[in-house]
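Letters A, B, C and D mark the chains in the order given here, with residues in each chain numbered from 1 onward.
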């Protein structure tokens, strides 16, 4: 059971990071992220299935597609929304999510696919120690998400580009005066976020199954991002732990049907007590 | 009645009522159903327009309110209470629920309210599922609960024609209510709240009270719409109330045009009729059954998304913005060069 | 001036759109016309789209082979997207189409209530393509509503019987996996569990998975820790398949029995190659190469059926029944005449018996088949193919007298 | 509007007109030049269009609803009108805005690192050089910029601009709200910048006397137009400038406020 929590925690943390990067850079909650997560699972699988390359290529391929898609989405959809009120931009992301779901219907007619068995990939469980038996892709998921989150923390804290992105997110006008090409910075942010989403999509698909409904995992990850504080990467891991642990425990001991609602109950409770989340900066709220 | 002050408006309104009266006699079965369906959807859109259009509180909880309206109506109607009272009970319950949801939401602003409403949506959905499968006679509820006939005492609403007149009446009442509401101080406070809530607070508008009023009125109307919908359908089942339903209502308000009553009309008709229009388009071009099956479904979804984004980027004022521009063009016809400031209706 | 003009133009616009979609019905006099309103989009779409495609492929085959009674069959396809309002709209537009003989309705339980309320009023003959909801469930069995299968609740009891067949003699500690959808949840909690307990199984519990839950490993692991040696799942496709995956992943020695009548189950069993996984099915396997199976495989290839071939059978049976009814009804075939024909219809040609394991007739009271033959398929590692572990197990339809409240 | 001192003009603004929201004209027919290695001051009351002129030179954001409708801005002879802000900044124009001038959520060192240009251009200053210009910053590199005092914020803002090695530094309201000793040290630093690092400076000043003291050339703006300009000594003799900008009494003793009101109507300036 610990393994289930660990894997779920890493998915939520990974996707939460995707939300945080976009929110910190362009002040927009990317409501298309769940669909991007789902589409990249399908896309990665389709590429690997048609091009017959080694199934593990689904991760790098997914990441590259995600980055390119992120940059394009920013330039064509988000940049023109620069002057508009914030939630007009959010509505654009909702519209984008709907289009992505439509595209999946054309190609895959919403069938749920089991890439593990379809591509003949061995995803059996591996026993690390007595209590913990985790599937191979689950293990990859946990390791990858910790690595990516640590990498992001270092990037934003110490690299020059990271600092510029933090600066641009707070005050784009001043950043532009200081010679930072804010469109480039925001495009990179969206690229990174969608790259991570696509990577997580591929991993999730290989570990469980690919289907239209997996986009709900993306919505629950939004809850995790908010609980951790919409603009803090450090708050992600504890928040993901809380939500994942509660969900699995309720699923096991109380009533699985309730487990699906848990993240949203946590969301409403956190919104009431600490809307700025565990580690988010308080005045961020007024900026919204 | 300042609403119909000019002679034109009086004549126009009379003409409209006339069309409304003779239409059901002329129209075919499906046409009437589409009109009824559109009117039901417009009432729902007007409800959301008060909250999102006027008060600027973006909400994805609308489907949940419709669901609550439906299930409360079922629960109350089981006790044999007549149809009009059931709808009133659902509306009152909706208002109370709006208060319950609104009160905590006062602490939040902007995007955080959207998240709170998404949370509210999934919690209500869970409760509805539990309610539907827990009743001791739930064994009979495989296809959802059956609703009794909607009888108004003097007439039973069983045929589409009767429903058409009834819904027409309801729509006119709701529109009148919204139009009058729009001219009161409450709506002006809402608009200030939408435009710049910090300055609104500075101007002495008690944010909390007006935000709460927006939630209460909007959810009361939404539950009424939900209740009417369930009576019209004759059965209520949990699978109908999805987040996509909430998004489509939000799209109606956005595409229609913020804070414009008539904009909600345009948005609601646009979204409600689009699937029928696309189906008709496929049949018009005699698409082979195979392409119909494979392209019909995704095209509806994609067109919906594209239209939503298109309006947001190119015409943020929505259909009403376009409408006003056309109307102003005609009104100033010979002199209508591009006008800097469009007269706000 | 402002409001009223815009109001008028709006009404005209709505009128035109609706009138357009109302007016363009095919006027061809010499064709049978069938309305097909199915759930093709939304989460539920993935289960019903294969049925809609099956019906489409069948009638394209029929038209190529000269149609019925020498007349072509025209299909009007509509997507109700699991929205009762649109299902009723589709029905009404079919009703307005003169010359339309019947409606084939592959749709979810959510839309059946609203649909049958309307179809009773305009007495439109309807062939329901899905597990049949027991006649006692409201709406009462409408005279014009036919379901070529057996009621779902008989399925529920049968799957428990078949499990006892499979595990003859062994002590059964049983767990159920179902979805948080009213139909499936009620069947599991209120019917299957007590029935299994009565038959002597030790029922450990009924796990209700929420619809969007993808990962059934925690629930399956819960059963494994409790020493459950048999699991039954009769619910949403992706939950049944996810449980099968979980059983494989945890390499859990259990007898897992799921229902294969909803698309995707058999294909996944062939991929998993796990002897512990069994599937209850209403139909014979396409790989048995009887004439009806050859027909299916050929048509699927010729008319582009994108789904796994085994998913075609559910829709195929409904189409066969519809064709038989139209053939018996002759020309011209009014809706009342067709309802009469369906009441007394008996489809027992060899193809149907091979596919369905028995003829299709409709009982007077609840318009489902009086009896149904079931099979259980399992994976035999020896033959490296699906094999029949329980052959045609016949179960009688129950008379669902509605319980007085 | 000739400009007395020698040397070619680094910055030339000709007949500038700026319109906000397609309706409000903030600045009209403004022409000014800034000589190489000189300090030019732009003096004027609130709403005279000083900040708008500076912002026009530094470039407007696309999202802001404001446009340069007339005139041109030449930098080193080439027109920079309508260029993107970061391109203008990369060409060597540093702009320190009036209010939001630092990133309050980042630490001082992070603020500086974020503004260091990628390519080590020849003129680019290193952080050490900036520290010696503003020793106070060197003492507290890791404090969050939001907690700095007004003076320290201005120092940080100027040093962030200097990192890019600008040839022209535009500073909006440099001494606004700062204590006199701080103003003293800032003026002294700015003069050092001009002499040692040959940076041309165009500064907007509320306080006319500091402007006079610091600048080689002064422009006085009123209602979006340049009312008068000249080197400091010529301005000092101009009795209207003395009266309304330096507050020196005329022989007739302290003015009654009505007289000031009449001044508005007489508009003697526009000769």
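Note that a contact is a pair of C-beta atoms (placed from the backbone, for glycine too) under 8 Å apart; a residue touches a chain by one contact, two chains touch by 3 or more.
Bear in mind that the values here come from a model prediction, so they are computed numbers and not experimental data.
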Subject >> Minimal step count in the chain contact network, subunit A to subunit C >> reply: 1
Original post:
Hey, which chain ends up farthest from subunit B, C-alpha centres compared?
Top reply: D
Original post:
So which has more C-beta pairs touching, A-B or B-C?
Top reply: B-C
Original post:
Can you give the whole-Å distance between the Cα centres of subunit A and subunit B?
Top reply: 32
Original post:
Counting in whole Å, what is the centre-to-centre distance of subunit C and subunit D, each centre being its mean C-alpha position?
Top reply: 77
**OP:** Report the inter-chain centroid distance for subunit A and subunit D in whole angstrom, where each centroid is the mean of the CA atoms.
**Re:** 45
**OP:** Would you please write down the residue numbers of subunit A that are in contact with two or more other chains?
**Re:** 105, 109, 257, 260-261
Subject >> Set of subunit D residues in contact with two or more other chains >> reply: none
**OP:** Could you tell me which residues belong to subunit C and also touch two or more other chains?
**Re:** 41, 45, 49, 180, 210, 306
**OP:** Write out all the pairs of touching chains, ordered by chain label.
**Re:** A-B, A-C, A-D, B-C
Subject >> Of subunit C, residues touching subunit B in the complex >> reply: 1-8, 10-11, 13-15, 17-22, 24, 40-42, 44-45, 49, 52-53, 56, 59-60, 75-79, 81-86, 88-89, 92-93, 95-96, 108-110, 112-114, 116-118, 121-122, 133-134, 136-139, 152, 180-183, 185-186, 189-191, 210, 303-304, 306, 402-403, 405
Original post:
So in the complex, which bits of subunit A are touching subunit D?
Top reply: 82-83, 160, 163-164, 166-167, 170-182, 281
Original post:
Okay, in this complex, where on subunit A does subunit B touch?
Top reply: 29, 77, 80-81, 84, 86-88, 90-92, 94-103, 105-106, 109, 219, 222-223, 226, 257-258, 260-261, 264-265, 267-268, 271-272, 275, 285-286, 288
**OP:** Enumerate the contact residues on subunit A facing subunit C in the complex.
**Re:** 1, 4, 8, 105, 109-112, 114, 116-118, 123-125, 135, 208-209, 211-214, 216-217, 248, 251-252, 255-257, 259-261
**OP:** Can you check the complex and tell me which residues of subunit B touch subunit A?
**Re:** 58, 104, 107-112, 114-116, 118-120, 122-123, 126, 129-130, 244, 247, 250-251, 254, 294-295, 297-302, 304-306, 308-309, 312-313, 316
